[in-house]
């Protein structure tokens, strides 16, 4: 057995261990890496940045905790950016384990917004976020495609009351807000088919500006929609989240995670290269013995 | 009767929805809104079926004294405890089970069960995939032929695009990755999107016309 | 973070480590955490279905605030229809009456199919076809460099690539001659697309693990040893140590078992 063949036969748990050591090791060392900005994320940031105070953003938290690693940083960055700009947000989740995350994120951002902060050289005064005035949280409903269509008729059709049990009509922010016509932009963060439904059933039927945040697994699949103008921007995975954090001058877990990604990727690439070397040496040896 | 009525229902409601899209009218809009509302309600009852069958499978495991029944007990206890706390709340100063207000959603135990049980466990189970992809990279991704090499090369460029330690090569790779995603990848995914779209429309047509009937099951 | 919340976090951290132990091998800790999650999550979901769907959209309309009269007093008694149709779904469990569940099912399937036809056709097929046939900028054919995604050359690659990839999926004609060549170019383009997806997927999967490491460190380990926790200061460390010791004990037990096994073999 050659050394390469021995290497191919090792227990996969050593592979696991090596990856874990590299990730934890890089995490323990503090350093920073520059983040390059792509145009597909910049367009979302600039669109949101140009909105006037008081305009309404629909933020769809359409993912479960299984995808929070990539999508939650986006949600935090977008929320902080919107609220600092005095925009109002309609939260909604079409994913069954989403509500708890929205609830927790609203509490976190409420705390963060109480402080005076400076982003991109502009000072923002701290303020108290008020449920019903600065935001509403519609809650959860199953069958996302139907709900996307129903909200296009009237938000009150699928959601007569909000998550906290208050009638939607009693919320000051929802006065005069009927459907997507009163919404400046829909930002959907999702880790599955809900994204497709927002494109076909939402943007396709009601023609509102739609921005997407997706997991890395799906990101490459949505470039055709970017090119056709059906979506205005795309945040793909942790890199997309890190780019938004960078643009909004609000570095968080995504920027922190990208420095670890660099080295974890090198490990994966090394695995691929080693695996291929092993494969080709074994193949050559077999060919020789065949002669 | 058992098979014809569902077929007729599918045809009528399917055609109605198609026509409503092209000719929206005040009266058809009214029916359309009711249908969207009602079909969600009907669907929720279907979801309850899933919850019931989870209960049934685990209840049977316990009653038949199967070897791993301890875990089923954990499952059922946590199921009922969470359900209980989702309704048990303090309204107007008195504790009790409240079904007609949403206060249960804000109750301490219900929120904490989500935050410290569902959230960490669900995300950790999914994060095991990080290790499996590492193992797959080591064992499965081989440049066996031209096509596989093409796939690997594209993957390598996309994986290296945010690496800041490649010097002048880094900018080049970053640009190449951007081009790769926006040009050849776009072309490939566009073909797939069109293909899936056509497939979905064909399937929907087959369902409406009664050619595809697998949703009815046997009997 | 107060001590009570920290105890919850400790439990979350314990569950996280219990799931990770599956990487070594399947074990009771993993199974416990998994079943606990499935039970809690299902309970969570059922409560949500009631508070967010069944109650506001059905029962509130039927009851109109008066539970005892139910629909008799309701201003919208016709909401009994979806309620009854929904109940028919439950006949699935009966051998004799399960055919009745086909009615609500047919309603759902019919409506979904009817909605899908125009919208999927327009948004997945037509709009993509329009975008594909947009003008090619011949004046700027070579663009600003080799990797200019908006140059004419790139646009030609997108157009030909998409047609070629579609040709590859077209199996009604044998892949020979010029058509075969086109289909071959199509599979090359598809492979580059899958490669790009794979590259993105690696990042996605590793993000999941990074987030867990961030959680364990920021919300748990750092809090356990935070000197500003004046109240119950030792409690934080004790809670941390209990979990740490349990894991250590498990590892030691496994090593001992492993050594014993290899002794027996030799």
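Letters are used for the chains, namely A, B and C, taken in the order the chains are written, and counting of residues starts over at 1 for each.
Following the convention adopted for this analysis, contacts are C-beta pairs under 8 Å (C-beta built on N, C-alpha and C of every residue); 3 or more make two chains touch, one makes a residue touch a chain.
Model, not experiment: these values are computed from the prediction.
Ranked by how close its C-alpha mean sits to the mean of all protein C-alpha atoms, the top chain is C. Among the remaining chains, B is positioned farthest from chain A, on the basis of C-alpha centroids. If you average the CA atoms of chain A and of chain C, the two centres end up 13 Å from each other. Mean C-alpha positions place chain B and chain C at a centre distance of 6 Å.
In this assembly, the C-alpha centroid of chain A lies 16 Å from the C-alpha centroid of chain B. Looking at chain C, residues 23, 41, 44-45, 48-49, 51-53, 57, 60, 112, 115, 119-120, 123-124, 128, 131, 158, 193, 196-197, 200-203, 205-206, 208-209, 211-212 sit in touch with two or more other chains. Listed for chain A are residues 16, 19-20, 66, 68-69, 97, 99-100, 141-142, 146, 149, 158, 161, 163, 165, 220-221, 224, 227, 239, 261, 265, 268, each touching two or more other chains.
Chain contacts: chain B has residues 37, 39-40, 43-44, 47, 102, 105, 114-115, 118-120, 122-123, 125-127, 130-131, 133, 137, 152, 156, 158-159, 178, 181-182, 185-186, 189-190, 192-193 touching two or more partner chains. On chain A, the positions that touch chain B within their shared complex are 8, 12, 15-16, 18-20, 33-36, 38, 64-69, 97, 99-101, 103-104, 141-143, 146-147, 149-150, 153-154, 157-158, 161, 163-165, 220-225, 227, 239, 258, 261-262, 265-269, 271-272, 274-276, 279. Here chain C touches chain A in the complex through residues 23-24, 41, 44-45, 48-49, 51-53, 56-57, 60, 112, 115, 119-120, 122-124, 127-128, 130-131, 158, 193, 196-197, 200-214, 217, going by the rule given at the top. Chain C contributes residues 8-9, 11-13, 15-16, 19-20, 22-23, 31-55, 57-60, 63, 67, 79, 81-83, 85-87, 89-90, 92-93, 98-99, 102-121, 123-125, 128-129, 131-132, 145-149, 154, 157-166, 168-169, 186-203, 205-206, 208-209, 211-212, 215 to its touches with chain B in the complex. The touching residues of chain B, counted against chain A in their complex, run 29, 32-33, 36-37, 39-40, 43-44, 47, 101-103, 105-106, 111, 114-115, 118-120, 122-123, 125-127, 130-131, 133-135, 137-143, 152, 156, 158-165, 174, 178, 181-182, 185-186, 189-190, 192-193.
By the touch criterion stated above, chain B contacts chain C in their complex at residues 2-3, 5-7, 9-18, 21-22, 35, 37-49, 51-52, 54, 68, 71-72, 74-83, 86-87, 99-100, 102, 104-105, 110, 112-133, 137, 147-148, 150-159, 175-198, 200-201, 203-205, 207-208, 215-217, 219.
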